[in-house]
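A single structure is presented below for examination.
Per-chain residue numbering starts at 1, and chain names A, B, C, D, E, F and G are given in the order in which the chains are listed.
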(Lines give C-alpha, C1' and ligand atoms only; values in the text may rest on other atoms or scores of the structure.)
Protein backbone atom coordinates (compact mmCIF):
# COMPACT_ATOMS: atom_id res chain seq x y z
CA UNK A 1 0.00 0.00 0.00
CA UNK A 2 1.22 3.49 -0.81
CA UNK A 3 2.29 5.79 2.00
CA UNK A 4 0.09 8.79 2.68
CA UNK A 5 1.63 12.07 3.95
CA UNK A 6 -0.25 11.77 7.22
CA UNK A 7 1.49 8.45 7.89
CA UNK A 8 4.63 10.52 8.61
CA UNK A 9 2.87 11.66 11.80
CA UNK A 10 0.81 8.54 12.43
CA UNK A 11 4.01 6.54 12.98
CA UNK A 12 4.99 9.06 15.68
CA UNK A 13 2.07 8.28 18.01
CA UNK A 14 3.28 8.03 21.59
CA UNK A 15 6.41 10.03 20.73
CA UNK A 16 7.21 13.73 21.06
CA UNK A 17 6.59 15.89 18.01
CA UNK A 18 7.20 19.57 17.22
CA UNK A 19 4.38 21.53 15.64
CA UNK A 20 4.95 24.85 13.86
CA UNK A 21 1.85 27.08 13.95
CA UNK A 22 0.71 29.79 11.53
CA UNK A 23 0.86 32.39 14.35
CA UNK A 24 4.61 31.71 14.66
CA UNK A 25 4.46 29.69 17.89
CA UNK A 26 5.99 26.23 18.24
CA UNK A 27 4.37 23.52 20.36
CA UNK A 28 5.94 20.22 21.36
CA UNK A 29 4.09 17.33 22.97
CA UNK A 30 3.52 13.58 23.02
CA UNK A 31 1.23 12.76 20.08
CA UNK A 32 -1.81 10.94 21.44
CA UNK A 33 -4.27 11.18 18.52
CA UNK A 34 -4.66 12.84 15.10
CA UNK A 35 -7.28 12.96 12.37
CA UNK A 36 -7.41 13.72 8.64
CA UNK A 37 -7.86 17.48 9.29
CA UNK A 38 -4.53 17.27 11.15
CA UNK A 39 -6.23 18.14 14.43
CA UNK A 40 -3.78 16.92 17.08
CA UNK A 41 -4.13 15.78 20.70
CA UNK A 42 -0.83 16.39 22.47
CA UNK A 43 0.05 15.40 26.05
CA UNK A 44 2.82 16.97 28.20
CA UNK A 45 2.71 19.89 25.77
CA UNK A 46 4.97 22.94 25.92
CA UNK A 47 4.63 26.08 23.82
CA UNK A 48 7.65 28.12 22.84
CA UNK A 49 6.90 31.83 22.41
CA UNK A 50 9.97 33.83 21.37
CA UNK A 51 12.16 33.22 24.44
CA UNK A 52 9.59 31.87 26.93
CA UNK A 53 8.52 28.21 27.32
CA UNK A 54 5.07 27.52 28.83
CA UNK A 55 3.89 24.08 30.06
CA UNK A 56 0.30 23.25 29.15
CA UNK A 57 -0.30 19.52 29.74
CA UNK A 58 -3.02 18.23 27.40
CA UNK A 59 -3.66 20.35 24.31
CA UNK A 60 -5.94 20.09 21.30
CA UNK A 61 -4.28 21.83 18.32
CA UNK A 62 -6.63 22.82 15.50
CA UNK A 63 -5.38 21.35 12.22
CA UNK A 64 -5.90 24.41 10.05
CA UNK A 65 -3.48 26.40 12.21
CA UNK A 66 -0.54 24.07 11.51
CA UNK A 67 2.26 24.82 9.06
CA UNK A 68 4.25 21.63 9.57
CA UNK A 69 4.84 18.93 12.17
CA UNK A 70 7.89 16.83 12.80
CA UNK A 71 8.85 13.98 15.19
CA UNK A 72 11.73 15.17 17.44
CA UNK B 1 -12.09 2.42 20.08
CA UNK B 2 -9.38 4.79 18.98
CA UNK B 3 -9.12 8.23 20.58
CA UNK B 4 -9.99 11.21 18.40
CA UNK B 5 -8.19 14.56 18.92
CA UNK B 6 -11.44 16.22 19.97
CA UNK B 7 -11.74 13.75 22.85
CA UNK B 8 -8.93 15.73 24.51
CA UNK B 9 -11.48 18.52 25.01
CA UNK B 10 -14.57 16.37 25.34
CA UNK B 11 -13.21 14.88 28.57
CA UNK B 12 -12.87 18.41 29.93
CA UNK B 13 -16.61 19.20 29.90
CA UNK B 14 -17.61 20.93 33.11
CA UNK B 15 -14.02 21.95 33.77
CA UNK B 16 -12.14 25.17 33.02
CA UNK B 17 -10.19 25.31 29.77
CA UNK B 18 -7.90 27.90 28.19
CA UNK B 19 -8.48 28.77 24.53
CA UNK B 20 -5.84 30.53 22.42
CA UNK B 21 -7.37 32.57 19.59
CA UNK B 22 -5.96 33.55 16.19
CA UNK B 23 -6.30 37.26 17.10
CA UNK B 24 -3.86 36.68 19.98
CA UNK B 25 -6.41 36.81 22.80
CA UNK B 26 -6.76 34.05 25.39
CA UNK B 27 -10.14 33.05 26.83
CA UNK B 28 -10.75 30.78 29.81
CA UNK B 29 -14.11 29.37 30.83
CA UNK B 30 -16.03 26.31 31.99
CA UNK B 31 -16.58 24.11 28.92
CA UNK B 32 -20.31 23.49 28.57
CA UNK B 33 -20.58 22.18 24.99
CA UNK B 34 -18.47 21.69 21.86
CA UNK B 35 -19.02 20.39 18.32
CA UNK B 36 -16.91 18.97 15.50
CA UNK B 37 -16.14 22.46 14.12
CA UNK B 38 -14.63 23.17 17.56
CA UNK B 39 -17.28 25.79 18.26
CA UNK B 40 -17.25 26.13 22.07
CA UNK B 41 -19.81 27.19 24.67
CA UNK B 42 -17.98 28.55 27.71
CA UNK B 43 -19.53 29.67 31.00
CA UNK B 44 -17.93 32.04 33.54
CA UNK B 45 -15.60 33.10 30.74
CA UNK B 46 -12.78 35.63 31.05
CA UNK B 47 -10.75 37.07 28.22
CA UNK B 48 -7.13 38.08 28.68
CA UNK B 49 -6.02 40.97 26.44
CA UNK B 50 -2.38 41.90 26.95
CA UNK B 51 -2.52 43.02 30.62
CA UNK B 52 -6.31 43.40 31.12
CA UNK B 53 -8.74 40.62 32.16
CA UNK B 54 -12.43 41.05 31.19
CA UNK B 55 -15.29 38.91 32.61
CA UNK B 56 -17.89 37.91 30.05
CA UNK B 57 -20.09 35.16 31.54
CA UNK B 58 -21.47 32.92 28.78
CA UNK B 59 -19.53 32.99 25.49
CA UNK B 60 -19.82 31.20 22.16
CA UNK B 61 -16.35 30.92 20.60
CA UNK B 62 -16.32 30.29 16.85
CA UNK B 63 -14.24 27.19 16.10
CA UNK B 64 -12.33 28.55 13.12
CA UNK B 65 -10.83 31.30 15.30
CA UNK B 66 -9.12 28.83 17.66
CA UNK B 67 -5.42 27.96 17.56
CA UNK B 68 -5.40 25.49 20.45
CA UNK B 69 -7.33 24.68 23.61
CA UNK B 70 -6.15 23.12 26.83
CA UNK B 71 -7.75 22.05 30.15
CA UNK B 72 -6.28 24.15 32.99
CA UNK C 1 -30.77 16.13 24.48
CA UNK C 2 -27.19 17.38 24.55
CA UNK C 3 -26.51 21.13 24.40
CA UNK C 4 -24.90 22.44 21.22
CA UNK C 5 -22.48 25.41 21.38
CA UNK C 6 -24.87 27.53 19.30
CA UNK C 7 -27.53 27.10 21.98
CA UNK C 8 -25.49 29.52 24.09
CA UNK C 9 -26.60 32.23 21.65
CA UNK C 10 -29.96 30.78 20.72
CA UNK C 11 -31.15 31.26 24.31
CA UNK C 12 -30.23 34.95 24.00
CA UNK C 13 -32.76 35.76 21.26
CA UNK C 14 -34.52 39.03 22.04
CA UNK C 15 -31.70 40.06 24.36
CA UNK C 16 -28.63 42.24 23.80
CA UNK C 17 -25.41 40.45 22.88
CA UNK C 18 -21.84 41.61 22.29
CA UNK C 19 -20.06 40.34 19.18
CA UNK C 20 -16.28 40.50 18.79
CA UNK C 21 -15.20 40.70 15.14
CA UNK C 22 -12.00 39.55 13.44
CA UNK C 23 -11.28 43.16 12.33
CA UNK C 24 -11.11 44.16 16.02
CA UNK C 25 -14.47 45.95 16.17
CA UNK C 26 -17.14 45.11 18.74
CA UNK C 27 -20.85 45.23 17.90
CA UNK C 28 -23.73 45.04 20.36
CA UNK C 29 -27.38 44.60 19.44
CA UNK C 30 -30.62 42.80 20.18
CA UNK C 31 -30.32 39.29 18.70
CA UNK C 32 -33.23 38.76 16.31
CA UNK C 33 -32.10 35.71 14.32
CA UNK C 34 -29.06 33.45 13.84
CA UNK C 35 -28.18 30.43 11.69
CA UNK C 36 -25.66 27.60 11.77
CA UNK C 37 -23.00 29.68 9.97
CA UNK C 38 -23.34 32.11 12.90
CA UNK C 39 -24.72 34.81 10.61
CA UNK C 40 -26.52 37.19 12.98
CA UNK C 41 -29.41 39.65 12.60
CA UNK C 42 -29.05 42.38 15.23
CA UNK C 43 -31.49 45.21 15.93
CA UNK C 44 -30.65 48.50 17.69
CA UNK C 45 -27.01 47.72 16.93
CA UNK C 46 -24.05 49.87 17.94
CA UNK C 47 -20.47 49.39 16.82
CA UNK C 48 -17.56 50.31 19.03
CA UNK C 49 -14.44 51.43 17.12
CA UNK C 50 -11.55 52.33 19.42
CA UNK C 51 -13.12 55.28 21.31
CA UNK C 52 -16.14 56.05 19.04
CA UNK C 53 -19.59 54.42 19.25
CA UNK C 54 -21.75 54.42 16.08
CA UNK C 55 -25.49 53.58 16.03
CA UNK C 56 -26.54 51.44 13.08
CA UNK C 57 -30.07 50.10 13.73
CA UNK C 58 -30.57 46.77 11.94
CA UNK C 59 -27.37 44.91 11.02
CA UNK C 60 -26.56 41.59 9.37
CA UNK C 61 -23.22 40.32 10.68
CA UNK C 62 -21.51 37.71 8.51
CA UNK C 63 -20.73 34.62 10.60
CA UNK C 64 -17.22 34.01 9.35
CA UNK C 65 -16.12 37.42 10.62
CA UNK C 66 -17.00 36.60 14.25
CA UNK C 67 -14.46 35.65 16.91
CA UNK C 68 -16.89 35.20 19.80
CA UNK C 69 -20.31 36.38 20.95
CA UNK C 70 -21.67 36.81 24.44
CA UNK C 71 -25.00 37.84 25.99
CA UNK C 72 -24.53 41.09 27.97
CA UNK D 1 -41.96 30.88 9.83
CA UNK D 2 -38.78 31.78 11.69
CA UNK D 3 -36.73 34.77 10.54
CA UNK D 4 -33.36 34.01 8.99
CA UNK D 5 -30.45 36.47 9.45
CA UNK D 6 -30.37 37.18 5.73
CA UNK D 7 -33.96 38.43 5.93
CA UNK D 8 -32.55 41.53 7.67
CA UNK D 9 -31.08 42.48 4.27
CA UNK D 10 -33.73 40.94 2.08
CA UNK D 11 -36.30 43.37 3.46
CA UNK D 12 -34.01 46.23 2.38
CA UNK D 13 -34.22 45.49 -1.36
CA UNK D 14 -34.70 48.72 -3.30
CA UNK D 15 -33.34 50.73 -0.38
CA UNK D 16 -29.86 52.09 0.35
CA UNK D 17 -27.61 49.92 2.53
CA UNK D 18 -24.14 50.39 3.99
CA UNK D 19 -21.67 47.53 3.60
CA UNK D 20 -18.51 47.26 5.72
CA UNK D 21 -15.72 45.34 3.95
CA UNK D 22 -12.85 43.29 5.36
CA UNK D 23 -10.34 45.63 3.65
CA UNK D 24 -11.72 48.51 5.76
CA UNK D 25 -13.67 50.25 2.99
CA UNK D 26 -17.36 51.10 3.29
CA UNK D 27 -19.71 50.91 0.30
CA UNK D 28 -23.24 52.26 0.13
CA UNK D 29 -25.74 51.55 -2.63
CA UNK D 30 -29.30 50.63 -3.52
CA UNK D 31 -29.67 46.87 -2.88
CA UNK D 32 -30.88 45.26 -6.10
CA UNK D 33 -30.16 41.55 -5.45
CA UNK D 34 -28.48 39.25 -2.91
CA UNK D 35 -27.86 35.52 -2.53
CA UNK D 36 -27.09 33.10 0.29
CA UNK D 37 -23.32 33.72 -0.03
CA UNK D 38 -24.14 37.37 0.70
CA UNK D 39 -22.97 38.40 -2.77
CA UNK D 40 -24.63 41.78 -3.34
CA UNK D 41 -25.69 43.73 -6.42
CA UNK D 42 -25.71 47.44 -5.56
CA UNK D 43 -26.84 50.31 -7.81
CA UNK D 44 -25.83 53.99 -7.44
CA UNK D 45 -22.95 52.73 -5.30
CA UNK D 46 -20.37 54.93 -3.58
CA UNK D 47 -17.24 53.73 -1.83
CA UNK D 48 -15.80 55.62 1.12
CA UNK D 49 -11.99 55.32 1.42
CA UNK D 50 -10.63 57.20 4.42
CA UNK D 51 -11.65 60.76 3.45
CA UNK D 52 -12.48 60.30 -0.25
CA UNK D 53 -15.87 59.22 -1.68
CA UNK D 54 -15.90 57.57 -5.14
CA UNK D 55 -19.05 57.02 -7.25
CA UNK D 56 -19.17 53.65 -8.98
CA UNK D 57 -22.72 53.07 -10.30
CA UNK D 58 -23.48 49.33 -10.46
CA UNK D 59 -21.28 47.12 -8.26
CA UNK D 60 -21.10 43.41 -7.49
CA UNK D 61 -19.72 42.92 -3.97
CA UNK D 62 -18.31 39.47 -3.23
CA UNK D 63 -20.00 38.05 -0.14
CA UNK D 64 -16.88 36.67 1.55
CA UNK D 65 -15.38 40.15 1.73
CA UNK D 66 -18.23 41.54 3.86
CA UNK D 67 -18.04 42.10 7.62
CA UNK D 68 -21.56 43.46 8.10
CA UNK D 69 -24.32 45.23 6.18
CA UNK D 70 -26.98 47.61 7.41
CA UNK D 71 -29.93 49.48 5.88
CA UNK D 72 -29.31 53.24 6.16
CA UNK E 1 -37.25 35.53 -12.80
CA UNK E 2 -35.44 37.15 -9.88
CA UNK E 3 -32.14 38.89 -10.51
CA UNK E 4 -29.06 37.24 -9.06
CA UNK E 5 -26.11 39.39 -7.87
CA UNK E 6 -23.85 37.90 -10.54
CA UNK E 7 -26.22 39.23 -13.22
CA UNK E 8 -24.84 42.68 -12.41
CA UNK E 9 -21.60 41.53 -14.08
CA UNK E 10 -23.10 39.14 -16.59
CA UNK E 11 -24.82 42.06 -18.31
CA UNK E 12 -21.42 43.72 -18.70
CA UNK E 13 -19.93 41.03 -20.97
CA UNK E 14 -18.06 42.65 -23.83
CA UNK E 15 -17.72 45.88 -21.88
CA UNK E 16 -14.92 47.24 -19.70
CA UNK E 17 -15.16 46.56 -15.97
CA UNK E 18 -13.07 47.60 -12.98
CA UNK E 19 -12.09 44.90 -10.49
CA UNK E 20 -10.88 45.71 -6.97
CA UNK E 21 -8.57 43.00 -5.57
CA UNK E 22 -7.90 41.96 -1.97
CA UNK E 23 -4.20 42.83 -2.42
CA UNK E 24 -5.22 46.45 -3.09
CA UNK E 25 -4.60 46.43 -6.83
CA UNK E 26 -7.24 47.49 -9.37
CA UNK E 27 -7.58 45.78 -12.75
CA UNK E 28 -9.68 46.97 -15.67
CA UNK E 29 -10.44 44.96 -18.79
CA UNK E 30 -13.07 43.86 -21.29
CA UNK E 31 -15.14 41.12 -19.61
CA UNK E 32 -15.04 38.04 -21.83
CA UNK E 33 -16.26 35.29 -19.45
CA UNK E 34 -17.16 34.73 -15.78
CA UNK E 35 -18.33 31.81 -13.65
CA UNK E 36 -20.12 31.33 -10.34
CA UNK E 37 -16.84 31.49 -8.37
CA UNK E 38 -16.42 34.96 -9.89
CA UNK E 39 -13.36 33.83 -11.81
CA UNK E 40 -13.02 36.40 -14.62
CA UNK E 41 -11.48 36.36 -18.09
CA UNK E 42 -10.50 39.91 -19.04
CA UNK E 43 -9.10 41.08 -22.37
CA UNK E 44 -7.09 44.28 -22.96
CA UNK E 45 -6.47 44.32 -19.22
CA UNK E 46 -4.53 46.97 -17.32
CA UNK E 47 -3.50 46.81 -13.69
CA UNK E 48 -3.20 49.96 -11.61
CA UNK E 49 -0.56 49.70 -8.84
CA UNK E 50 -0.32 52.88 -6.76
CA UNK E 51 0.78 55.33 -9.50
CA UNK E 52 1.87 52.92 -12.25
CA UNK E 53 -0.39 51.39 -14.94
CA UNK E 54 0.73 48.10 -16.54
CA UNK E 55 -0.82 46.60 -19.71
CA UNK E 56 -1.34 42.85 -19.57
CA UNK E 57 -3.61 41.79 -22.46
CA UNK E 58 -5.55 38.64 -21.56
CA UNK E 59 -5.85 37.93 -17.81
CA UNK E 60 -7.55 35.27 -15.71
CA UNK E 61 -8.49 36.78 -12.32
CA UNK E 62 -9.13 34.26 -9.55
CA UNK E 63 -12.57 34.87 -8.05
CA UNK E 64 -11.59 34.52 -4.40
CA UNK E 65 -9.19 37.44 -4.72
CA UNK E 66 -11.92 39.90 -5.71
CA UNK E 67 -13.48 42.45 -3.35
CA UNK E 68 -15.90 44.02 -5.84
CA UNK E 69 -16.34 44.55 -9.56
CA UNK E 70 -18.08 47.33 -11.43
CA UNK E 71 -18.83 48.17 -15.10
CA UNK E 72 -17.04 51.41 -16.03
CA UNK F 1 -20.20 26.54 -26.40
CA UNK F 2 -19.70 29.41 -23.98
CA UNK F 3 -16.18 30.35 -22.96
CA UNK F 4 -15.22 29.65 -19.35
CA UNK F 5 -12.75 31.96 -17.56
CA UNK F 6 -10.21 29.14 -17.25
CA UNK F 7 -10.14 28.85 -21.05
CA UNK F 8 -8.15 32.11 -21.02
CA UNK F 9 -5.28 30.08 -19.55
CA UNK F 10 -6.06 26.76 -21.21
CA UNK F 11 -5.36 28.30 -24.62
CA UNK F 12 -1.91 29.31 -23.34
CA UNK F 13 -0.63 25.75 -22.79
CA UNK F 14 2.90 25.42 -24.10
CA UNK F 15 3.39 29.17 -23.92
CA UNK F 16 4.95 31.38 -21.23
CA UNK F 17 2.58 32.91 -18.69
CA UNK F 18 3.04 35.34 -15.81
CA UNK F 19 1.46 34.44 -12.48
CA UNK F 20 0.89 37.01 -9.73
CA UNK F 21 0.89 35.43 -6.25
CA UNK F 22 -0.85 36.54 -3.05
CA UNK F 23 2.55 36.85 -1.31
CA UNK F 24 3.51 39.53 -3.85
CA UNK F 25 5.91 37.40 -5.90
CA UNK F 26 5.60 37.00 -9.68
CA UNK F 27 6.42 33.70 -11.41
CA UNK F 28 6.78 33.16 -15.13
CA UNK F 29 7.03 29.78 -16.84
CA UNK F 30 5.87 27.61 -19.72
CA UNK F 31 2.37 26.36 -18.84
CA UNK F 32 2.40 22.57 -19.00
CA UNK F 33 -0.82 21.67 -17.14
CA UNK F 34 -3.61 23.27 -15.10
CA UNK F 35 -6.73 22.08 -13.27
CA UNK F 36 -10.00 23.61 -12.09
CA UNK F 37 -8.45 24.68 -8.75
CA UNK F 38 -6.00 26.71 -10.87
CA UNK F 39 -3.09 24.56 -9.69
CA UNK F 40 -0.40 25.12 -12.34
CA UNK F 41 2.54 23.08 -13.60
CA UNK F 42 5.15 25.47 -15.02
CA UNK F 43 8.40 24.52 -16.76
CA UNK F 44 11.49 26.77 -17.15
CA UNK F 45 10.03 28.84 -14.32
CA UNK F 46 11.57 32.01 -12.91
CA UNK F 47 10.43 33.86 -9.82
CA UNK F 48 10.79 37.60 -9.52
CA UNK F 49 11.27 38.82 -5.92
CA UNK F 50 11.62 42.60 -5.70
CA UNK F 51 14.83 43.07 -7.76
CA UNK F 52 16.16 39.48 -7.90
CA UNK F 53 15.22 36.82 -10.47
CA UNK F 54 15.62 33.14 -9.47
CA UNK F 55 15.49 30.22 -11.92
CA UNK F 56 13.57 27.19 -10.65
CA UNK F 57 12.92 24.82 -13.59
CA UNK F 58 9.75 22.79 -12.97
CA UNK F 59 7.33 24.29 -10.42
CA UNK F 60 3.91 23.34 -9.09
CA UNK F 61 2.04 26.51 -8.08
CA UNK F 62 -0.87 25.98 -5.68
CA UNK F 63 -4.04 27.49 -7.16
CA UNK F 64 -5.30 29.19 -4.00
CA UNK F 65 -2.16 31.32 -3.85
CA UNK F 66 -2.79 32.94 -7.24
CA UNK F 67 -4.21 36.43 -7.74
CA UNK F 68 -4.18 36.47 -11.54
CA UNK F 69 -2.40 34.85 -14.45
CA UNK F 70 -1.70 36.20 -17.91
CA UNK F 71 -0.05 34.90 -21.12
CA UNK F 72 3.06 36.99 -21.90
CA UNK G 1 -3.61 10.72 -20.70
CA UNK G 2 -3.37 14.42 -19.94
CA UNK G 3 -0.84 15.62 -17.39
CA UNK G 4 -2.24 16.99 -14.12
CA UNK G 5 -0.39 19.80 -12.30
CA UNK G 6 0.28 17.50 -9.35
CA UNK G 7 2.21 15.16 -11.65
CA UNK G 8 4.96 17.79 -11.68
CA UNK G 9 5.61 16.78 -8.04
CA UNK G 10 4.59 13.15 -8.29
CA UNK G 11 7.48 12.50 -10.68
CA UNK G 12 9.85 13.90 -8.04
CA UNK G 13 9.16 11.19 -5.43
CA UNK G 14 12.41 10.03 -3.86
CA UNK G 15 14.14 13.22 -4.94
CA UNK G 16 14.81 16.49 -3.09
CA UNK G 17 12.27 19.26 -3.57
CA UNK G 18 12.07 22.87 -2.36
CA UNK G 19 8.79 24.03 -0.84
CA UNK G 20 7.94 27.72 -0.45
CA UNK G 21 5.54 28.35 2.45
CA UNK G 22 2.98 31.12 2.96
CA UNK G 23 4.80 32.21 6.16
CA UNK G 24 7.89 32.98 4.05
CA UNK G 25 9.95 29.94 5.11
CA UNK G 26 11.50 27.53 2.62
CA UNK G 27 11.75 23.79 3.34
CA UNK G 28 13.75 21.27 1.36
CA UNK G 29 13.51 17.51 1.76
CA UNK G 30 13.26 14.15 0.01
CA UNK G 31 9.65 13.76 -1.17
CA UNK G 32 8.29 10.52 0.27
CA UNK G 33 4.52 10.95 -0.22
CA UNK G 34 1.95 13.53 -1.34
CA UNK G 35 -1.83 13.71 -1.69
CA UNK G 36 -4.35 15.79 -3.63
CA UNK G 37 -4.47 18.47 -0.89
CA UNK G 38 -0.71 18.85 -1.52
CA UNK G 39 0.07 17.59 2.00
CA UNK G 40 3.70 16.47 1.77
CA UNK G 41 5.81 13.94 3.67
CA UNK G 42 9.46 15.01 3.48
CA UNK G 43 12.49 13.10 4.80
CA UNK G 44 15.91 14.63 5.64
CA UNK G 45 14.11 17.99 5.71
CA UNK G 46 15.80 21.32 6.35
CA UNK G 47 14.05 24.63 6.89
CA UNK G 48 15.63 27.89 5.82
CA UNK G 49 14.61 30.88 7.99
CA UNK G 50 16.22 34.12 6.84
CA UNK G 51 19.90 33.24 7.36
CA UNK G 52 19.61 30.11 9.57
CA UNK G 53 19.20 26.51 8.35
CA UNK G 54 17.56 24.00 10.74
CA UNK G 55 17.59 20.20 10.24
CA UNK G 56 14.31 18.49 11.06
CA UNK G 57 14.42 14.92 9.68
CA UNK G 58 10.89 13.72 8.85
CA UNK G 59 8.30 16.48 8.33
CA UNK G 60 4.63 16.59 7.39
CA UNK G 61 3.90 19.87 5.57
CA UNK G 62 0.24 20.90 5.47
CA UNK G 63 -0.84 21.48 1.88
CA UNK G 64 -2.77 24.69 2.43
CA UNK G 65 0.38 26.41 3.70
CA UNK G 66 2.28 25.90 0.43
CA UNK G 67 2.80 28.59 -2.21
CA UNK G 68 4.78 26.49 -4.67
CA UNK G 69 7.04 23.45 -4.78
CA UNK G 70 9.87 22.63 -7.13
CA UNK G 71 12.27 19.68 -7.64
CA UNK G 72 15.88 20.88 -7.00
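Here, a residue touches a chain if its C-beta (ideal position, glycine included) is under 8 Å from a C-beta of that chain, and two chains touch if they have at least 3 such contacts.
What you are looking at is a predicted structure, and each value in this text was computed from that prediction instead of being measured.
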**OP:** Just tell me the minimum hop count from chain B to chain G, counting one hop per pair of touching chains.
**Re:** 2
Original post:
From the C-alpha centre of chain A to that of chain E, how far is it in Å?
Top reply: 41
Original post:
Distance-wise, how many Å sit between the C-alpha centres of chain E and chain F, to the nearest whole number?
Top reply: 18
Subject >> Distance between chain centroids, defined by C-alpha means - chain B, chain D (Å) >> reply: 33
Original post:
Using the touch rule from the top of the page, what residues of chain C touch 2 or more other chains?
Top reply: 22, 64
**OP:** Write down the ring's chain sequence, where chain F leads and chain G follows directly.
**Re:** F, G, A, B, C, D, E
Original post:
Of all residues in chain C, which touch chain D in the complex?
Top reply: 21-23, 25, 27, 32-35, 39-41, 45, 56-62, 64-65
**OP:** Would you pull the chain F residues touching chain E in the complex into a rising list?
**Re:** 2-9, 18, 22, 24, 38, 63-64, 66-71
